[in-house]
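Shared between the two complexes below is subunit A, which has subunit B as its partner in the first and subunit C in the second.
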Partner chain A sequence: MVQPILQVKNLEVEFVTDDGIVSAVNDISFDLYPGETLGIVGESGSGKSVTNLTVLGLIPQPPGRVINGEALFGEQDLLKLSHRQFQTIRGKRIAMIFQDPMTALNPFLTIQDQLIEVSMLHLGHTRNQAIVHAVELLELVGIPAAASRVTEYPHQFSGGMRQRVMIAMALSCDPDILIADEPTTALDVTIQAQILDLLKTMQDRLGMAIIFITHDLGVVASICDRVMVMYGGRKVEQTDTKTLFASARHPYTLGLLQSAPRWDQPQQTRLQAIEGQPPDMMNLPAGCAFAPRCPWKTDECSVAVPELVSGGTASPGSHLFACIHADQIQQTGLTALEELPHA
Partner chain B sequence: MPNSENTILSVNNLKVHFPSKRKLGQPQRWIRAVDGINFDVQEGETLGLVGESGCGKSTTARAILNLIHRAKVEGTIHLNGTRIDNLSDRAMIPHRLTAQMVFQDPFASLNPRMMVGNIIREPMENYKLFGDESGRRLEVVRLMELVGVNPQYMNRYPHEFSGGQRQRIGIARALAVQPRLIVCDEAVSALDVSIQAQVINLLMDLQQKLGVSYVFIAHDLAVVRHIAHRVGVMYLGKIVELADSKELYDSPQHPYTTALLSAAPVPDPTVDVRANRITLTGEVPSPDIEYIGCSFADRCPQVLGHCASTMPQLSLTDHQVSCLLYEDDDVDKSDPPKSNLAEVVV
Partner chain C sequence: MQLLVFLLKRLGWMLITVWVVFTLSFFLMRAIPGGPLNGERVLSESVRAQLEQRYNLDDPLFVQYTTHLWNTICFDFGPSYKLQDFTVNEVLAQGFPVSAALGILGMTFALLLGMTAGVVSAVCRTSIYDFSFMLLATLGIAIPSFVLASMAIVLFVFYFQFFPAAGWGELKQIVLPAMCLGAPFAGYIARLTRTGMLEILSNDYIRTAYAKGLSTRTVILRHALRGSILPVVSYLGPACAGILTGSLVLEKIFAIPGMGSHFIEAALQRDFTLGMGALLTYTVLLYVMNTLVDLSYSIIDPRVVLE
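So, the complex of A and B:
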């Protein structure tokens, strides 16, 4: 039995704002296994980024507040680490790449100065060793003429190249976990394809686990092993990628799968949009947060937050979903939404 | 010239060259953002424009509405039969009744200090439409209902709405003067998938109800495939392929289109995208160079010997493509030269 490398349990995070309390993450638990890619999918404000920033200790407190939960990395609970303790882990054993390669790099420092900082701090390299290491990394992530380009500034690199630099920086200390927060969203499709390939190749070579945050189901299909779907700060469904696309059980997941225009769909037809608006995180509805937009909604849905139940056939817990109508949805499947009059 | 009565927009050999920052002792260089494009849009039609960042999509959008300043603009643009590219801002005013724009960022494109009802009403007031105040108020209510925003909220401010709702308000504002053409520049790109679908449906419904035409600019190929009747693919300021949407997606001809389509992620884990993908090497070259030959030649997987030295012409068929592979003269199909592209500096 492989032990998970990261176990997040019952995480709850809220933000105190002038207008009230925003419950950004509600009771999120997940395991991450070595060498796998876990996708986290959800709309803006669904808590996917906050979950991961919390795990990395990057939520400013205040206004943020971790109410409950633990994030076990080996024996250590990341949520209990001091700032100083965290610095031995962040960047070294858990690294992160951000969405916007334009703003994530410091425009005043050369690529070299930004890259060597990591390995001088964590690996005890001298400046010269670190420069050699930095050039190796840039070559690894496919930057041509790395030895000469390393002394250039970020503005001299294109968006795709900057994202490669970010990846090189993240991989600098051979981390156990790489958290990628929408790393390809700002990039063109051809460059996105290159970066996804690069991440996969790096994973094959270095064996790190990847948490891949995205809202693009196409990206999920091409890179993730397992997927967790979040809505209103909660996990609503989790399973392996194939099962998710073939037999999703939560109405929100189904809605997402249906609302993206597909290549095999007739053109100029109406898309199966999810009606309504994303929930107000300051004022989440009682019961299921998705109920106001859900075509399967009944009165029971507003009574209590649905429990995550296991419906996996392969092994217990292989397919989790939080919907009291999941059985009905399984029977009707993807066609169901089209048949429902108000869908 | 517009070639039929139903042509709402006709763009002929449009070039937009921005001056780049001049370095001491060096000649002025020009960023060739749009470099000789032709297309027209019929009444009730959606023309999609796709391409990577920097290919000139947004510049094209702005040029259509005569919104480009401080640049060298050549070629002609006819809007509803009238030439508009040479008009001053003031002379342009009556023509803004014909063409409107919906912008990408629903957070930046609405004035945060105006109530949404006033945002939608302002264009009507500017053009003295719908009689008096009460007539305009009724029209605002009608438009808000049309785009699916509760008219009771007309006294709220933009920050009180979500991104999707704001984009609906932006669409209502564009519709306020009853235009015949709406240019949507990445109008759904900033929205979440589920909301994006709502707005795409709205745009298609409006087209059916009002017969409005769209120039729909986006980088998401699946979205453009869905909404557009015809699609143009842009690369480095040029249209390299333009065809009926189904035709273009089912049988792309230009090597760049093929590569672009193969790179799009498919939401189906059973499809091995990587097996079919044509990975382009390198990046889009600098737009301040004028090429003698095809500007895609140094990244093209099917490059021929004379590609770097012969400028391909857009074919004048229904399925327009600008590639020497489809020009049937006795061409030199030898191996490509190993050197870089031939270039002329202007």
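So, the complex of A and C:
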């Protein structure tokens, strides 16, 4: 059995605001294995970004607060590291790329300045070595004329090119884990595909594990090995990508699948949106957070938060879901969802 | 090349500005009641006529204007009406370096103190440092310079006896007036730096910098400081004007032979030539400062294009 490279256990994060306490992440646990791609799916405010920012120690504290949990990276619990210890992990062993490449690069510094500081810090490069390294990386991520463009400023690059620069920056120390926080959301569709291809190529070449945060199920289908679905700060379903598309068991996952366009259905088919609004994170409903929007809802749903149960057929724990009506859903909910949308 | 065009354009505009300022002040000065020859002693008709002839005051206004303008173009501001045996050029050559030294020192002090306080306040916001620095900044802005100067004299001259009370020439004598002069500007700069820094720190690229594993120090100094001083830089233009006019009072209090007292005296005594000389010097200085501010903007922020 391969050891997980990152084990997040019972993570709970809340934010103290003027209006009250927002519990952003509730009891999240997941394992990340070397070389795999784990997708984290959920709508805005479901806690998927906060989970990962917490793992990297990047949530502002205050107002953020980690109440419980651990994030084991090898032997170390990331949540207990000091600032100084964290600096040897961030950027070197765990790197991150962000949603909006337009704002994630510093407009006042050249691409070169922003790239070389990583390898000078973590790999002990001299300035000249770091520049050579930076140009190599830019070539690797497919920036044409990298040697001359490296001294340009971010505003002279297009959105897709900037995301490539971000990827080059994140990969410059050959990290064990790459956290990609919606890296394609701000890009147009053709560029999205290019960036996904690039990430896959880089993973094949460098062998890092990727945590891919997204709300786009098409992206999940094309890049992720396993998927974790989050709702209201909790994990509601987790399984491998194929199972998710073939036999999702949580009503929220089903709702997501039904609201995504599919190439194998006639164009006239209406997309089915999930009714209602995302939950107010300041006072989550009692019981299942999804219950107010759920077509399978019964009175029992509001009694207690449903436990994550294992319904895996292949091995125990391979398919987790948190819904008391999962058996009923398995029989009735899948009629329209037999095939993967991106086969 | 782009720079050269920019500077030439600015030079052209400066000449026009100086001419407009000259014309306006020339006529304004002559529009107010009284003239350089009014005084406590009533002059006899013949003396008055002779004096008017000597200073060209008997010419028609338009002739006076053209001669004065021509002389000014030749950098000759003429004799001072009140400071006998001195030309305006001599008075300016004496007073300007003094005022400039005082202003530069005051501004340096304001920048060092203000920016440090601003950065610390922003980084440790809502801490005791933040509160005390911002309280000091508000006090610095609120207390008029003559009150501050009087308090400083009581404290540092009479009580601690660190500095001499007044005079000019030694470094010891310049410290106190420069600090009093810089204090309100330090306050403004501290507030501006704090606001600018807070805004920059909320940017995504600061999170990126932390995600790279950089230390807080590096993030602040390399990634955040540059953007956060932009508001300060744009404030420097008007601040220089403020520090010049603000120095008038302090030069009086500390008996400093700068330009400020001459400027006030010239206005009060209708010393047309000296007033004009001082005014035009200030105009040029302000214009140059504003041009430098625009230039540094394009150096700090690569997205700014000079035009």
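To be clear about the criterion, the second predicted complex is superposed on the first by the 330 of 343 C-alpha atoms of A that agree within 3 Å, B and C clash if a C-alpha of one lies under 4 Å from a C-alpha of the other, contacts with A are read in each partner's own complex, and residues count from 1 in each chain.
As a working rule, contacts are C-beta pairs under 8 Å (C-beta built on N, C-alpha and C of every residue); 3 or more make two chains touch, one makes a residue touch a chain.
Worth saying up front: this structure is predicted, and the values here are computed from it rather than measured.
After superposition on subunit A, the partners subunit B and subunit C are seen to fit next to each other with no clash.
Using the contact criterion defined above for the overlaid structures, shared-chain residue A:S222 touches subunit B, although it does not reach subunit C. When both complexes are overlaid on chain A, the residue A:L121 reaches subunit C alone and has no touch with subunit B.
With both structures placed on the common chain, the touch criterion links A:L105 to subunit C but leaves subunit B unconnected.
In the superposition on chain A, no contact is made by A:R65 with either subunit B or subunit C.
For subunit A, the partner that touches more of its residues is B, with subunit B and subunit C as the two candidates. Contacts of A:I89 after superposition on the shared chain: subunit C is touched, whereas subunit B is not.
With both structures placed on the common chain, the touch criterion links A:K9 to neither subunit B nor subunit C.
After overlaying the two complexes on the shared chain, residue contacts for A:K297 are found with neither subunit B nor subunit C. Taking the C-alpha centre of subunit A as the apex, the lines running to the C-alpha centres of subunit B and subunit C meet at 70 degrees, rounded to a multiple of 10.
Once both structures are fitted on chain A, no C-alpha atom of subunit B lies closer than 8 Å to one of subunit C. Taken together, the two complexes place no residue of subunit A in contact with both subunit B and subunit C.
Of all residues in subunit C, those touching subunit A in their complex are 203-205, 207-216, 218, 222-223, 226-227, 300-303. Residues of subunit A that touch subunit C in their complex: 56, 58, 83-84, 86-92, 95-96, 98, 100, 103-110, 117-118, 121-122, 153, 155, 166, 169.
For subunit A in complex with subunit B, the touching residues are 43-44, 158-161, 188-194, 196-197, 215-222, 241-242, 245, 255-257, 259-263, 265, 267-275, 277-278. Every residue of subunit B that touches subunit A in the complex is listed here, in rising order: 52-53, 162-165, 192-198, 200-201, 204, 219, 221-223, 225-229, 245-246, 249, 259-260, 263-271, 273-274, 277, 279-280, 283.
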